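What follows is chain A paired twice: with chain B in the first complex and chain C in the second.
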Partner chain A sequence: MGGAPAQWWLRWVAATAALCVLPFVLQPYELDLYRKLLFWVALAVSYNFLFGITGQMALSHFAFAGIGGYTVVILLTQADLGLGPAIVAALLLAAVLAFIVSFAATRLEGFYLALATLAFAQLLIIVLDEGGTLTGGTGGLTNYALPTVLGLRIDGPWYALVMVGVLLGTLAILLRIDRSWFGRACRAVRDNSEAAAAMGVDVARTKIVAFTLTSVMAAAAGMVYAFFDNTVNPPVFGIENAFLLLFMVIVGGSGSHAGAIVGAVLLKMSQDILEPVVGHYHALGFGIVVVAAILFQPKGLIGAWDNFRRRMKARR
Partner chain B sequence: MTDLLELLLSASASGCIYGLMALAYLLILRPTGIVNFAVGEWAMIGAFATVILSMKLGLPSVLAIPGAALVLAVLGWLTEWSVVRPLVVRGAGHLAPILVLLGMLVIYHQAMLLYFGGDQEPLDGPFGFRRVELGPLAGTPQSFFIIVATVAVFGAVWLFFERTVWGKSFEAVAINRRAAALMGINLRLVTALAFAGGAAVAGLAGLLDAPRGSVEVNMALPLAIQGFSALVIGGVHRVEGAILGGIILAFAEDLTRRYAPIPSGLALGVTPTLLIVFLLVRPTGLLRAKAAG
Partner chain C sequence: MTAARKSLIEVRGLTKRFGGLIAVDGLDFALGEGEVLGLIGPNGAGKSTTFNVLTGGYPASAGSVRLDGEEMLGLPPHRIAARGIMRTFQHNMPFEGMSVADNVLVGAHATMRSGLIPVLLGAGAARMEERAARKRADELIDFVGLGEFRDAAVTTLSFGQGRLLETARALAGEPRIMLFDEPAAGLTPSECDRLAEIVRGIAARGISILLIEHDMRFLLPLADRVVVLNFGRKIADGAPDEIRADPAVVDAYLGEAGGVGAAAGSRAGRPDA
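Entry: the complex of A and B
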């Protein structure tokens, strides 16, 4: 982080204030893009911990966001649970499923883990498509609303603040964990799992905890997403977005929290701005950026930025 | 009974397509350790190349099909040369080539989408649509053609690996890269040939599959996923595993769709379920590596 400790928390306060003020000055359409951007950034931050820091190339992150979103809506509207119990139950379900998936997948490495989680994500989409009235089929669930909290109806810019809270919570927890013993264990498992095991790190447990924790964070983000437009449908939580998330983290700089944020913000904003203008050319350019990043800048944009700053300092 | 036989014939044809896709993965995976998800796109490009060569340029199938395979071999070689080799030379991590090929997948997909649009193009099989009966077996001529062509491809690959020095050098690289290099095997050439061969086989799978449905950009991802599932089922160590996995996967899919009392949408779950079960229960696949290697 650099600088004196006082500056360090001042930056947090400033960033939080900026994120919280923005919803109240944006136009409705911009506000919609803004809160969806925050959703993507939150997912990118937790996915970066899973892929970039722990080295687990899972493609189930959006699936867990979908499990969180769908479960909370189903519990609210079809099981008549209150908001609090529904949220807790949905997070618990995501945690149990993530534990089962990661427990089963501890033996798989690299691309085999990607395939197992890809198959899991595919199965989820099939279940959502064929779930009848429970999941609303291919059209998904619509026409529900967030219940009032303590008599207050939270919507518009105020609801965007909920997403700000989830994003900052995700980031704060992961930054904290990253600096702990567990965070170093995760990096050790990524870089050389055999050496990590020799140093006394329980490799399987580290992988399971990291997978379950980040997947529950994805579920929390998915829950907030479910009440953006009061609709959830299968394509949002499908494979294509899981790959997009992977690419965001790579382009931004995998293993770096700032990199994940930069990658998600730049790629999501460029999609929102360019796609209506240039259509598929945007996606083509996107693929070229990903290939170029891996070939020429393996540490991503944040690595390029660090190099640039170091060079400027050396010149001074 | 005739119904079942007809189903088995078309399932065998599907199994051959999956087997060819699995072989495309395997040819690249064995000597290089790289899982190339872009083979699905190569299959789609192979189908489009055949559309151009046979329908637009009017070449006969006997020229169009090898021509398309050649185009794909060049594309595979170019891909290896342009994005994979720089990473290998630099000594980047083992995940980097896999990720860069995922990026190439996006480039192929979007470039084809921009050029051909999302429409479906028809592609006629070389033997038309007249129903063929061979003893108790009956089906489309394309089904028979797929099976014959797949047997030929697998036979050629088997001969290459078992009977030629080149094939042996592939296997040597697969077993121990460093030792193979020290024995004077040209790793670069083996890698380049692996990509060219894998791309050609993927292209063949795509152009053989297309006449049963249509040629469209979105045919790529299902082929990529089914090919890999077949590879995991059969095992990544043996060429025979690819076709065995393909046949098992296709039979499981088609028999479930036809006889299981579940909605057809849920039958789509057969492939991911089988993939998960095999990854967890038998990650080495059905066929193990030869000898104690």
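Entry: the complex of A and C
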């Protein structure tokens, strides 16, 4: 909100333009990395609102992405629904499940909330693995395609724009509500729930709304992901990625939108670069970085950047 | 003078038991509009428990608390706050990850009427409400004298400034009754004087004030009336002068030889000014 309004709009327009032009100049392999990076950034932004801003240590965010992805594919291919109804139904299902999980979870905090949502995420993987023809079992679902929209086939760089849209939509919605009474209530609940209640904040309701909203955002991102390679399988939505998402937010700077974006971009890109070289050992490196971040820079890279800027200003 | 005031809140037979311990035992008192009522008593007399029951933190074991005739007991804390009973905490409880201004704006939470959808759509009414809330928060920050810290992180405030922030935050909820839990504790003499001015200013706005305080030098000039608790029971209720002279109060709390001055000095642990 700071600065002149015109400047503020210009920045958004410039960022949107850059994100939209990039798919058309990238090589096919880079384009694949790029759209998956956008998927991770979108998830990190909504997860930051849940974990970093509302203070809910949930591990179910990737599970909801999976629910969104699988549901829309199943409804399209097995229930013969149109694309519009399938999207709406999948978002509704994610919302209902998120509401149920968060309603049960509002009594839990910290460690226990993490365990309960972890159990939910594991349960989803079991359902996906054992779902027979409905979910395609451990191999997942393949050989489907995005239906044409108004007679147009959306693919290649054009489909990457859909992910850009979901990312910017997620960011715009969360920035807007973060600067309202709702965002302040979320932060108050995170910092001191007793004081928040004494100031008139309905703590349970705030947690449920934040959890449901961000989980539906994860489901929306998961839906777009499902048509990247026209395949969905259980490991993608498993616990390993849920932890990587948590790492991204912590390393970037939990509670900061910019931090979530920086953390997601850095960790995802280093995974893409390191994995072909050192294989699965990149996870070891991430673990060390996360421990170091928690010990030495709890506010993440964004916190370090803020400190640096403050020091430079003080020197002048 | 106080008797003529219409009572805003009426507490009848308020009782709180923790297992076999009776922390508050059949407490009765009333509070008029714009009245400053002091609640005093030795440590463990049940003052803070009374506050926690009034604000919904603990469920009461028996009794009633009526605000303008409406029963408050049984309501959750956020609903009681929304009815206009706001409090400060004995140990400052700021929202540490937020700026001073945002802390105060959280206090205004229950006064915000716009739903999440209008906020999301940037509806005119929601924006106007947000702007008005920010303006009011700024006024309150100036009122308590924290103007220069408006955008600072709350972690940079001193203890005394934190106390002022708690006051501004609670006022942002447009309270009808303000509950102060030992506001003078830990403050320097000059900070105490400033806080006393602020409390008078709040009362002058027609807001009723209930004050727990050990520091008699702070409380007695400020209070219209004082209720004295001992072992959870009310042992006196009257004007500060009557309380000072009441033998039961002197015996239980104020102490004998030195009277009020000694009690104030020793209990508050602050140097004589």
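Here, the second predicted complex is superposed on the first by the 311 of 316 C-alpha atoms of A that agree within 3 Å, B and C clash if a C-alpha of one lies under 4 Å from a C-alpha of the other, contacts with A are read in each partner's own complex, and residues count from 1 in each chain.
Simple rule for what comes next: a contact is a pair of C-beta atoms (placed from the backbone, for glycine too) under 8 Å apart; a residue touches a chain by one contact, two chains touch by 3 or more.
A quick note: this is a predicted structure, and the numbers were derived from the prediction, not measured.
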- Task: After aligning the two structures on chain A, examine chain B and chain C and state clash or fit.
- Result: fit
- Query: When the two structures are overlaid on chain A, which partner does A:G255 contact: first (chain B), second (chain C), both, or neither?
  - Reply: second
- Message: With both complexes overlaid on chain A, does A:A283 touch chain B (first), chain C (second), both or neither?
- Response: first
- Could you say whether A:A197 touches chain B, chain C, both of them, or neither, answering first, second, both or neither? second
- Message: Quick check on the superposed pair: does A:F228 touch chain B, chain C, both, or neither? Answer first, second, both or neither.
- Response: neither
- Looking at the overlay, what does A:Y159 touch: chain B (first), chain C (second), both, or neither? neither
- Chain touching more of chain A, residue-wise (chain B, chain C): B
- Query: After lining up the shared chain so the two structures overlap, which partner does A:I126 touch, if you call chain B first and chain C second: first, second, both or neither?
  - Reply: first
- Task: Please indicate which partner A:Y144 is in contact with in the superposed arrangement: first for chain B, second for chain C, both, or neither.
- Result: neither
- Applying the touch criterion given at the start, work out whether A:V209 contacts chain B, chain C, both or neither, answering first, second, both or neither. second
- Query: Once the two complexes are overlaid, how big is the angle at chain A between chain B and chain C (Cα centres, nearest 10°)?
  - Reply: 80
- In the superposed model, how near does chain B get to chain C, counting Cα atoms only, in Å? 9
- Between chain B and chain C, which residues of chain A are contacted by each of them? none
- Note: in the complex, chain A contacts chain B through residues 57, 104, 107-108, 110-112, 115-116, 118-120, 122-123, 126-127, 129-130, 239, 243, 246-247, 250, 280-281, 283-284, 286-288, 290-291, 294-295, 298
- Task: State the interface residues of chain C toward chain A in the complex, per the touch definition above.
- Result: 55-57, 76-78, 81-82, 86-87, 89, 93-98, 102, 105-112, 114, 116, 119-120, 122, 126, 130, 133, 169-170, 173
- Query: In their complex, what parts of chain B are in touch with chain A?
  - Reply: 35, 83, 86-87, 92, 94-96, 98-100, 102-107, 109-111, 113-114, 221, 225, 228-229, 232, 263, 265-266, 268-269, 271-273, 275-276, 279-280, 283
- Query: In their shared complex, at which residues does chain A touch chain C?
  - Reply: 173, 176-177, 179-182, 184-185, 187-188, 190-192, 194-203, 209, 255
